[in-house]
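Naming follows writing order (A, B, C, D and E), and every chain is counted from residue 1.
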Amino acid sequence: QAQELKVGLSSSPVAIDPHFFNNDAISALCSHLYEPLIAIDAEGKLLPTLAVSWRAINDTTWEFKLRKGVRFHDGNEFTAEDVVFSLDRPASIANSPSSFTTYTKAIVAKKIVDPYTIQFVTATPAPLLPNDLTRIFIVSRKAADKASTDDFNQGRIEAGSGPFKLVKFSKGENLQLARFDAYWGVKPAWATVTLKFLPNDPARMAALLSGDVQLIENVQANLVAQFKANKDLSVFEKMSNRFMFLYTDHRDRSPFVTDKAGKPLDTNPLKDVRVRQAISKLIDRQTLTDKVLDKLGVPNANPAPPGMFGHNPRLKPEPLDIAGARKLLVEAGYPDGFGITLFGPSDRFINDEQVVQAIGQMLSKGGIATKVQTQPMASYIPKASKKELGFGLLGWGVGGGEPSSPLRGVLATTDKDRGLGASNWSSYSSAKYDAVLIEALRTVDDQKREKLFQDAAEIAINQDYAIIPLYNQVATWAARKGIRYTPRPDEATLAQYARPE
Amino acid sequence: MKILLDAFSPSWVERCALLVLIALLLGALAAPLISPQNPYDLAQLSLSDGRLPPGSAASAGQGVQRYWLGSDDQGRDMLSAILYGLRISLLVGLSSTLLALAFGLSLGLMAGYFGGRLDSLIMRLADIQLSFPAILIALILLAVLGQGVGKIVTALFAVQWAYYARTTRSAALVERRKDYIEAARLLGLSTPRILFRHLLPNCLPPLIVVAALQVAAAISLEATLSFLGIGLPITEPSLGLLIANGFQYLLAGNYWISFFPGIALVLLIVAINLVADRLRDIINPRLQKQ
Amino acid sequence: MLPPDSSRRPALLELRQISKRFSRPLDLAARLAQKLGAAISAQTVHAVDRVSLTIGRGEIVGLVGESGCGKSTLGRLALGSYPASSGQRYWRGEGGTTAIDDLPATQRRAVQLKMQMVFQDPYASLNPRLRVGQAISEAPLVHGLITAQQRDAWLAQLLHKVGLDPSLGERYPHQFSGGQRARIGIARALAVAPEFIVCDEAVSALDVSIQAQVINLFMQLRDDLDLTYLFISHDLGVIRHVSDRVAVMYLGRIVESASTDEIFAHPHHPYTQALIAELPVIGGHRRDYQAIRGEIPSPLHPPSGCHFHPRCPYAMAQCQTLARELREIAPQHWSSCILDGGGE
Amino acid sequence: MSMVQPLLEVNKLQTQFPTSSGIAKAVDDVSFSLAAGEILGLVGESGCGKTVTGFSILGLVDPPGRVVGGQVLFKGEDLLTMDTERLRAIRGNRLAMIFQDPMMTLNPVLRIDTQLIETLQAHQDISRAAAYDRALEALGEVGIAEPAQRLRAYPHQFSGGMRQRVAIAIALINRPDLIIADEPTTALDVTIQGQILALVQALCRERQMSLIWISHDLSVVAGLADRVAVMYAGKIVESGTVRATLDHPAHPYTRGLLGAIPALHERGSRLLPIPGTTPSLLNLPAGCAFADRCAQVHGACALPPPDFAVGHDGPSHRVRCWLNHANSPNRIADAAP
Amino acid sequence: MLVFLLRRLLQSGVVLLVMSLLVFVGIYAIGNPVDILISPEADQAEIARTIAAFGLDQPLWTQYLIYLQQAVRGNFGNSFVHGTPALALIVQRLPATLELACVALILAVSLGIPLGLWAGLRPASKSGRAIMGLSILGFSLPTFWVGLMLIMLFSVQLGWLPSNGRGATTELLGVPVSFLSWDGFKHLLMPAANLALFKISLVIRLTRAGTQEALLQDYVRFARAKGLRSARVVFVHVLKNILIPIVTVIGLEFGSLIAFAVVTESIFAWPGMGKLLIESINLLDRPVVVAYLLTVVALFVVINLVVDILYSLLDPRIRLSDQAD
């Protein structure tokens, strides 16, 4: 039995309070210590965890059956009261930079039927509640009552039920864990685990090569081939559910759109669907994923990747078609093309800077003189969300097992009251699409809802080219020989998924 | 005593440094003429030529026959990228230094010559600026200003001017007390004339050395900031940015993407430092008396 | 009080009760600290303390005294290089009655131009980056005293006058020896046709053999151009040789003043006596050095009363409190010692 | 020739500095000797090699400067060929030096007592306490009031004159046989200079100590020294007793110097300066270096001048000049092609 | 002394005001931190709520005034990202940075002074020239590049030293330090050396220049004339004098060590406050950036104080109450 595992993570999470900050890296970290009612498995499907089953009693009531015999790290047994406490807790956290109430606010009442049965009542139909609840970790009420985020971070309380107990959390450095021997499920293979925070890519790679850590996430793209060839290492890959696309400005005038000489244009060519289609046709997705991403991408035109609930097989990656693109540009009235600036982040996605430049190359060769600008997320996101950029690269991790979040956030017409289109940087607006989506969001029946999701995606992407889909990232892990990691589409690195061979 | 002699019989190292510096300067100046490719024109690049090792023949790229120093991930000719990068690095280093020199010099001269309130005001400002390490100020300024050549020049200017103001002031204080300034005043010459014709030329020599060293420091600082990801945009990379970008390929064995720009940067900075050092020896007042 | 004017010549420049205090004001932090009770105060040096001096036309007044006693400061006060802390200067050249600093600007500038200075350090007093010809002709050109066409001839003439080869005008100062630089400094001062020149230790840095050449030059120029000098030196031998009249300074005050012959023959003030005792004599005899005792006090904390009393062999109790003004103890002979002419 | 061995005998001393523009012969063929208790005044204008002569004797010439020839016999031993440890043991012990600028000779960051005591301990096996007492005594000897307090002070707390006294105290502390004083009063005021001269004079008399007093001021030497040596361009051009040399100067340069001193002239009269300037020590002519400034120059001056005794004061008054030389210079000059 | 302290404090106060204002304006100009922090799945209401919770809905000057008001009461705000007091976050990271900087300083002094002395005493020798040549290199090579090369060589190629992180720490007087354990020491070595490289060169150059200058001084010649042994001349007379400028410069450079630690910490993943600063800038975590500045300014005040005290100990000519210049 192997004893110790050291892992190099590419992020440096700031908390291990599971309800403080809704952030993928923190959630992945917390998954070692805490469990939700329903988890996501390695195939991206819902996995009964602290709940053993759930069903919709009617349009607005869900009932969950809870697992019996689960003990928290502090020795208390898990019951419905802990669920109520854990669902209430996010709203009580004052300083959250990103609150979990997004997932809990649909619930207007919680009914404890018996210690192992609980019902949730929602105001409107909430078909996605089980998916939302994958995001909420359950903590022991007895342990966590009145506990602050700091208490969690300092390890003063033991409120989790996960496979590992906290030993020490050193912000900016590492998280040390020990196996929880009374865990109800499959016990992890490691007595102790240290998750080291190594955001600097070369440093993380070097740490693996020098044996400082045995497992790392996010292998540097250009090293994947080399790592695969290295007999001391094994590489694990999985198509991630991070969907990459270009948002295109649908407004009448767009910043950074010029004629070839650099003079601002009065009309926005991107408004014309033929231009958007032409752009899509100019992009050689295969070269992009093969060369620029070192195969860490799979061309994809669908927010829900194959295998995911809501995947639409009719949405296919646009093949490269320069002649077709030219034709479309001529039809749209831009026989000589035009000038545009393509924006992108420089520190967020796999090879993001290179991807943006490569797309710039491809568009330029197709007659659209493209300038490229990349910047750190810190300035990119605020500018993009103020719609100051117009045309840029974005990625969306489609979590929770179905594609509602991008469909709702990126493509729906911006509507504050309904909470739609919060990230619609394209300013795309289609009544037809909105109608289908809204219908989907309140359809509890799974089959019907899946069909509606597929239709919505088809309208926005296949017909309107509202965004230009590119590819899905491939998530990678590399380990020293002798360790196997089961890769996950949500890119999370979980020590319990690593096993000695 | 030994230095005294050395200064007059330059060693081969310094002579080499001078030659290297001149070569680099010429290369940077003539970059658009001599480099096989315009690395900033995306249309000239070819992804299929990405990451070719030095000496590879080009398959599709325009203008380039052979990537003598290899190519980067975008199929950019490294030689061209280095020449252009050199240009940007030098542009940033020189222009920020010159701006700061001109500004700091004027303030320092006035502070030193007039003294009093003006002096206190300027010097307190400079003190405040100098009480904070350059990299921090640049870091925060750049975080505020965003990326771009103009912005980094501004940031580097902001961290340098006080240095010159200070140096000039102390030189001006020394010179001002010298009798020739008093003689000029007694001869009824106007203040601007005294400042610029008498004081300035005599305060300049130490500043030139400082400035030469500062150019190197500014280039290095720019490279560092770019490395930290807050200097220049990726599309017009300076040497520092080329290094930073290429570094991830080092482990993969594509050493040339980072290594050659690194060598160029190190050569440039070492050459500037050596030449400036020698310059210092040459205009060292102690040696001048002879 | 009358300014000590022992010359029978018409006055050219008159200094009346002129003082110079150097002090460094406290900055904000220091003032705060003072408020908080720290024992901090601005330090003040009385470099020149209520000195009156009249210099006659064509006269050479020698100013002697030890280092730091305020000779240079007095010289610069006379020239107006330093603003006086109190007191006035009068230019009597054209019978002026207004203090120089109260004159209208153009007139004041004209008067100022008539007063020039020759400096001690032949290295620091020339701008190393100007050719000497430029340095000399710059001011006359600026002031329109000569035209650009006249310049070369004019320069040649001037250089010749100070004993330099006119061809040397194109050289830089560092290409000259000390003695030549001193001549260049003199030429530069003469370029604007001054009437009054302050020579601040103008020959002190030179070797004896060169010093003699320059002293001769000074004397000859005075005769040729009818110049007036304030000749500052700590070298009594030089002072005795060149001056018509000597003023002896001690810690910011003139303690004795008389014609040269008179003061060397009958020094009154004990300090003057001590100085003159040190006057070099080469009689080929070994002599026994008998020195004045004590150190020169710091001008920051000058002794009370007569500044000289701690070192004075004749000091009396009174001397510690009483600082006496100069008074005429013999015709044209002024002294501030209490012994001269008894107590008040 | 005196019967007793002189305390110091310098023979044909030569010191040179290589520079980029040639070799500077700072000291060239300098010879003199000094008996115990004697005071020698070494005079000459700036740059004529006085200081370098002093440094050469003590072996303190900075590289690349080098003593290239001659002998310095101190009590019969040649200091130039001595091994460094032995030389060090003599330096500061039997043979001490005082420098020109009192502001610079004391180490500004060390206390006076440290600087005195280390000098003692470098040469004697002496306890700190004993050394302290000696230091106290030494300060008292040079006329510093409240020496116990002053010992704990730093140099900057002293005036120039007092610093020079401290330097003298350090030089004297091992009771040396000879002190070389390099213009120790030049930087001081007249009244303070008088004090120092009085002190040195008294000490020499008391202790029968020899002294080489370097100065550019003939009048100081005239009052202090027994004998005087006049240097010009690295050579001694005239030497002898003070009286003989100054009353009957034989070398035109000595005469010129005397003629240039204002104090020796009637007030306001024209001084009699030496024309021209002091020569550079690079590329000196083979003949007399003073020739181009000399009023009495003649053909022979192109040849190396002879060194001979003029009769005024027995054999000790020597001059290096063709003028008045027994062998008619003109004849030699004529003989030369 | 008092004046000096007051002057420093006034000056630091101004620095702090200016810099904090800059940070406020700057971060305001870059954008809204909530945009970056908030989950993409959040809707507009959620975003608005978070913005209001951080007080970012107020006009900038109100935000600044509120901040000042709070700061006067000793509350320097909570980190947007961490949710905990920003100052505490920085102070937590302080020991790591200080340890790094101190070790680098010790390296710089213990290597720089002897080498500089040697080069100064024998400027013409082969070794002297070699030292100077190397110091020029050390002076010129950009820190980050050297850091990367060190990792390549010692971690990747040779595998001798760990490439990143702080390793095991031991408590010393309640402060966690690395250098006491072998593992910690191994982790410390490379970043400290990297950080020190520039300073070593600087100290070498300063020492050499100082030595050569001192050797020309009369007091050194006088010391030799006194018959002192050369060891005493060099190690007492020369060294004590050149220590004065060296101490001053080193003291000031200590500040820049802390600043440059930003780079080194980023490269070696050293969990110091410099790394936190970069992270905070990247997340627009304004309170932490301001708290960092506050800490650094406070550190500088202390460092300058220490330098001035040392200076006055070393140089008897200086009294602390002396003037500003």
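Definition applied: contacts are C-beta pairs under 8 Å (C-beta built on N, C-alpha and C of every residue); 3 or more make two chains touch, one makes a residue touch a chain.
The model shown is predicted, which means the values in this text are computed figures rather than measured ones.
Participant: Pick the pair with more C-beta contacts: A-B or A-E?
Facilitator: Per the contact counts, A-E leads.
Participant: Average the CA atoms of each chain to get its centre, and name the chain whose centre is farthest from that of subunit B.
Facilitator: D
Participant: In whole angstrom, how far does the Cα centroid of subunit B sit from the Cα centroid of subunit C?
Facilitator: Centre separation, subunit B to subunit C: 50 Å.
Participant: On a C-alpha centroid basis, what's the spacing between subunit A and subunit C, in Å?
Facilitator: 87
Participant: Between subunit C and subunit D, what distance separates the C-alpha centroids? Give it in angstrom.
Facilitator: 33
Participant: Take the average of all CA coordinates in subunit D, do the same for subunit E, and state the distance between these two points in whole angstrom.
Facilitator: Centre separation, subunit D to subunit E: 54 Å.
Participant: Scan subunit C for residues touching two or more other chains and write them down.
Facilitator: 27
Participant: Quick check: what residues of subunit B touch more than one other chain, meaning two or more?
Facilitator: 1-2, 143, 146, 230, 247, 250-251
Participant: Two or more other chains in contact with one residue: find those residues in subunit A.
Facilitator: Only 202, 206, 209, 347, 376, 378-379 qualify.
Participant: In the complex formed with subunit D, which residues of subunit C make contact?
Facilitator: Within the complex, subunit C touches subunit D at residues 66-67, 177, 179-180, 207-213, 215-216, 219, 234, 236-238, 240-242, 260-261, 274-275, 277-293, 295-296.
Participant: Using the touch definition up top, name the residues of subunit E that touch subunit C in the complex.
Facilitator: 2-4, 6-7, 10, 321, 323-324
Participant: Which residues of subunit B touch subunit C once you look at their complex with the stated criterion?
Facilitator: It is residues 120, 178-180, 182-190, 193, 197-198, 201-202, 288 of subunit B that touch subunit C.
Participant: Enumerate the contact residues on subunit B facing subunit A in the complex.
Facilitator: 41-43, 45-48, 50-51, 73-74, 143, 146-147, 229-230, 233-235, 245, 247-254
Participant: Could you pull out which subunit E residues touch subunit D in their complex?
Facilitator: Counting only subunit E, the residues touching subunit D are 215-219, 221-229, 232, 236-237, 240-241, 244, 314-317.
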